[in-house]
Amino acid sequence: MTISVAVAGCTGYAGGELLRILLQHPEVRIGAVTGNSSVGDRLGAHQPHLAPLADRIVQPTTAEVLAGHDVVFLALPHGSSAAIAEQLGDAAVIIDAGADFRLTDPEAWERFYGSPHAGTWPYGLPELPGQRDALRGARRIAVPGCYPTAVTLALLPAVAAGLVDASQLVVVAASGTSGAGKSLKPHLLGSEVMGNMSPYGVGGVHRHTPEIVQNLSTVTDAPVGVSFTPLLAPMSRGILATCSAPIAPGVTAASAAAAYREAYAGEPFVEVLPDGVWPQTAAVVGSNRVSIQVTVDETAGRLIAISAIDNLAKGTAGGAVQSMNLALGLPETTGLSAVGVAP
Amino acid sequence: MTISVAVAGCTGYAGGELLRILLQHPEVRIGAVTGNSSVGDRLGAHQPHLAPLADRIVQPTTAEVLAGHDVVFLALPHGSSAAIAEQLGDAAVIIDAGADFRLTDPEAWERFYGSPHAGTWPYGLPELPGQRDALRGARRIAVPGCYPTAVTLALLPAVAAGLVDASQLVVVAASGTSGAGKSLKPHLLGSEVMGNMSPYGVGGVHRHTPEIVQNLSTVTDAPVGVSFTPLLAPMSRGILATCSAPIAPGVTAASAAAAYREAYAGEPFVEVLPDGVWPQTAAVVGSNRVSIQVTVDETAGRLIAISAIDNLAKGTAGGAVQSMNLALGLPETTGLSAVGVAP
Amino acid sequence: MTISVAVAGCTGYAGGELLRILLQHPEVRIGAVTGNSSVGDRLGAHQPHLAPLADRIVQPTTAEVLAGHDVVFLALPHGSSAAIAEQLGDAAVIIDAGADFRLTDPEAWERFYGSPHAGTWPYGLPELPGQRDALRGARRIAVPGCYPTAVTLALLPAVAAGLVDASQLVVVAASGTSGAGKSLKPHLLGSEVMGNMSPYGVGGVHRHTPEIVQNLSTVTDAPVGVSFTPLLAPMSRGILATCSAPIAPGVTAASAAAAYREAYAGEPFVEVLPDGVWPQTAAVVGSNRVSIQVTVDETAGRLIAISAIDNLAKGTAGGAVQSMNLALGLPETTGLSAVGVAP
Amino acid sequence: MTISVAVAGCTGYAGGELLRILLQHPEVRIGAVTGNSSVGDRLGAHQPHLAPLADRIVQPTTAEVLAGHDVVFLALPHGSSAAIAEQLGDAAVIIDAGADFRLTDPEAWERFYGSPHAGTWPYGLPELPGQRDALRGARRIAVPGCYPTAVTLALLPAVAAGLVDASQLVVVAASGTSGAGKSLKPHLLGSEVMGNMSPYGVGGVHRHTPEIVQNLSTVTDAPVGVSFTPLLAPMSRGILATCSAPIAPGVTAASAAAAYREAYAGEPFVEVLPDGVWPQTAAVVGSNRVSIQVTVDETAGRLIAISAIDNLAKGTAGGAVQSMNLALGLPETTGLSAVGVAP
């Protein structure tokens, strides 16, 4: 089986990571790579690490160029995917790394994104109960946001098993700068970022907030509420999500750990660490693994769960390929690695 | 007025920062600099940035060497200060950058430090209500921990004014690696630290936890409880403390901001940022300033306050010198800068 | 004595560092701060570390605004200084942190900068023989480039004393990213810079090349030739310049070191390190010090001299203030520190 | 074909990278992993990124444990390999990532390493003319040093084609900190390394110097001399080697580039970049690729060649596996990637 894929938005960080992973995928042949202001450039000028593709020429992001592939990945600015998808029709599996089709609630979409809701596609997080089956054979997939991937997987077993008061979730998540994309903004300059920790989107205004609530609401009837604060950390890749919530009566560190181990038994890319070992982003860089640990602070009465992912891999491109594998009936782990690149 | 000072523990990061700041202090003459395994070395071999002191020789940390100074700063491992202080007697002001004399509750001390409690000295955080007066003329000062400085100042106005439920505080604080000292531990190697965010002391076991509770309990009769998670960040200096708590009825972003501005009006080293601007560690590196912002997430029902400090400056050596100034009757800001070194 | 100064280009890195240093200067009162696209902004929005100036409003860079100050610092893009200087006339000392007036050879200017030569001002490197006197009372000063400062001071004693073949100099100098300014270019993004070493301007095309040759030619009649390769390093500040040249007969490590110590005896900001100790950029960050070491590789037949400076301090703003002090008849070290901020 | 391999020294950076690459190798089964002070530990405690091997137990580095594998990789401190190799005898292919068997000249060995010379094994750099054939079927392989790999490949075509005076080579090479291993030394702490560039081994004393000379001497009858200065850079991985030498008459940028392209045509892991594009370490991290560019500075009369490698991959473990493939008759690129992990 050889699957032809196109990547729209090939010069950005998400596009580059898609291509990096697809180059390792044994069933994939990389077809068109498309961009916007970079049309006509050698891909090597934008993605020098992708040596085997260095001489590919960036083509325009049009339906004509993208047509004829088995799978089209969209790594485009928010709001651009619907039009392309419509033009491409049903011939291709379309996997959108953007936000356009993630939310089910049009009102939440409009409040956080300020534009009309384009619709909802199957959500590419196979670790959500029932979602693996929903992705098999899917022709449209909305890739989860990077923070929602890290946070959802950190809290899912606790919320699902009723270990915590899900209305009082508190999340502080530090991300590497690639999560902000290749945007030319002063605060993303190396001189500003190095040696610097800074928050942004404080106070519940980050667009990933409703996506976290949506995900966790799939496993509980209780109301879900989250205080979510993202931080920009002086590193290129990685998310460390520190999540906590008030415990339900009787929950202990041991019972929480047992629930996590049970919930994730058999998950190929979720690692619940041994007792006393905590996740670190360096251990997951370049891999599709999410690394998780949980404990209970009995004095504070809170369960604390921490996860680490590579925001570009499991948090974007790896998650997208994992969903592609399911959609196409391939083994879910094909072309994906659980091994990080460290130090 | 010329004050002679000695610094015990001159080769570590706290000792180095004390010397850096004292070199700028117009009223100070630096006397003995002492160490342990480094005795006989040029100070320049350990602190190459302190060029004017490069040819000083490290002397042993003994009462004989430290005697005869107006002020003795102790930047020693926990448990070492009491013996030295006793030997030095009342002739010198002694300012301990270690933890030994911070806690008032012997039981809390023993639970978190595992050794007998040495006692309690006046606590060197002038921004605590009433504490400035307590420090004037003091002959013994316990310098606050770096995390407690950042967290206390971030939450103090909210707790004092009853804006939050102080029993449900949640703090996630990222620190630069200098907070861990010059310890030769594998996880502190540059190869491990760069590109890496990792938690440690998770679950309420970090020794700074009772110190935070102690501080905030001075401004409220309500019970204070905190879930505190420290993170190691890939930078040398700086703490960013993200703090939140459930709001009391009626509290808004505007009322919270007003309370913070009022609480800190006149504080020389506390900066409450303009609306919408959030602290970042890079802006306080090298300075004695703490930078703070607060808001309310009405959906989540939580007040969020974030502070940034330089863990070595305001968090240790700067705070120590600020207290020294008060103890000696000098203007509180003498020799201290509110200006950071950036980028 | 109180000197009123204006800083044109206050939102960039050079402008920010000028203001940081001037805030510490006991004889200076900071007047107008001016910009271009940032006119009307709070300065704090661009330079959050300069807390005491946070509420200053950025004014336009016009002769009207800059007039009436004793000293005007220009931290402007190349090509902008001449017009402003002409308009300001002789009332103010003008110190240009840009390149416009550094080169004496119009042909070299035009070859490297591609525009007409604006002229030549007294060159602000007091460590050059004779230059200290030339700067006393000067009304116009061209601040040296950051690389030329580091390289000139590393090689000056060797070239002046004829220890090397000055026609065969080889320099590889690594700079922190602030040397490139706040330019919004993709390769300066944090995601690109962190974990990355890269060369640029390879092959003798960097504009600082003729300035290095010009400086070293002032101390020798022999032809001076340099192969200069700049590198971008993953740090915000600092230059480490590794310089070498074939030795003249009989030169040894000891004789070279002696020549360097003699040449720099009495220089307030040049530190020739003890034998066997090599410069590192972290030790000079935030300081006006240049740290130097020299040795001879007898097998290779080359003298190797390495210097470290803070590119923004001694390499730009500190050097500018040092020259200002000379121009105004103040003690040369006023307001400048030889102490770095580390770690 | 399934090859059983053992890795001695599995907890260090070289050992970890060997395991990372071997996990991707389709023909390899990982057998014993051995250590010294870590015997009995879970491998996950030392190499958390190698999730599939996390539960492996570190065994002692003895001939008994290492026996019975087809290939044994040694990632041991210098001086440890000879004894193990002798005990293992001829049953296994032994690939030594240490220095013990790299040098052919016992005198050079003793001068630089201060111990008796253990012997010389086939040198694992297939890109050296004739060396690929020498490695086919080899039973003992000495893996090149990381700097010699980067420097040799940067200069090889220039020296081989007589484009330069090989007696006047000047190399300044910046390395990430993993090149220094997991040694617990103060200058390798994160607090010291971040934001810092520093030289070491200056003056021709670095042990990789004779290895560079040895390699380049294989392609010329002219004397080879090199001034080699290594720098420690604030990044975990990567070497950027800036190399130059006086040009022979008539050599131009174009002729040099042509020579490089011809020399490396067909090399699977050597990338000569397009004109005007320069190597950067970030583009080769995690890959076995060496990225090279060359030009001529006609004013300075020097050829400048710059290479970038991942010191742990092509510079150590990747190079080792490339040689193993040749030794075992596998396609040379098996299990090795030319794709980097960026940003």
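A, B, C and D are the chain letters, set down in written order, and residue numbers restart from 1 in every chain.
Heads up, the rule we're going with is that contacts are C-beta pairs under 8 Å (C-beta built on N, C-alpha and C of every residue); 3 or more make two chains touch, one makes a residue touch a chain.
Everything quoted here is computed from the prediction, not taken from an experiment.
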### Message
By that same contact rule, can you tell me which chains touch subunit C and subunit D alike?
### Response
A, B
### Query
Between subunit A and subunit B, two copies of one chain sequence, what rotation angle (nearest 5 degrees) aligns their Cα atoms?
180
### Task
Please work out which of B-D and B-C is bridged by more C-beta pairs in contact, and write that pair.
B-C
### Message
Taking each chain's centre as the mean of its C-alpha atoms, which one ends up farthest from the centre of subunit B?
### Response
D
### Task
Could you put a whole-Å number on the gap between the CA centroids of subunit B and subunit C?
35
### Task
State, to the nearest whole Å, the distance from the C-alpha centre of subunit B to the C-alpha centre of subunit D.
45
## Note on the structure
By the touch definition above, subunit C meets two or more other chains at residues 13, 176, 178, 191-192, 194-195, 234-237, 280, 282, 285, 343
### Residues of subunit A defined as touching subunit B within the complex
168, 170, 172, 174, 176, 191-192, 194-200, 202-204, 209, 225-229, 231, 233-238, 240, 242, 244, 246, 253, 278-282, 285, 293, 295-302, 304, 306, 308, 343
### Query
Touching subunit C in the complex: which residues of subunit B?
13, 16, 20, 23-24, 42, 44-45, 47-52, 54, 178, 194-195, 236-237, 271, 274, 277, 280, 282-287, 289, 291, 337-343
#### Entry: subunit C - residues contacting subunit A, complex
13, 176-178, 180, 182, 184-186, 188-195, 234-236
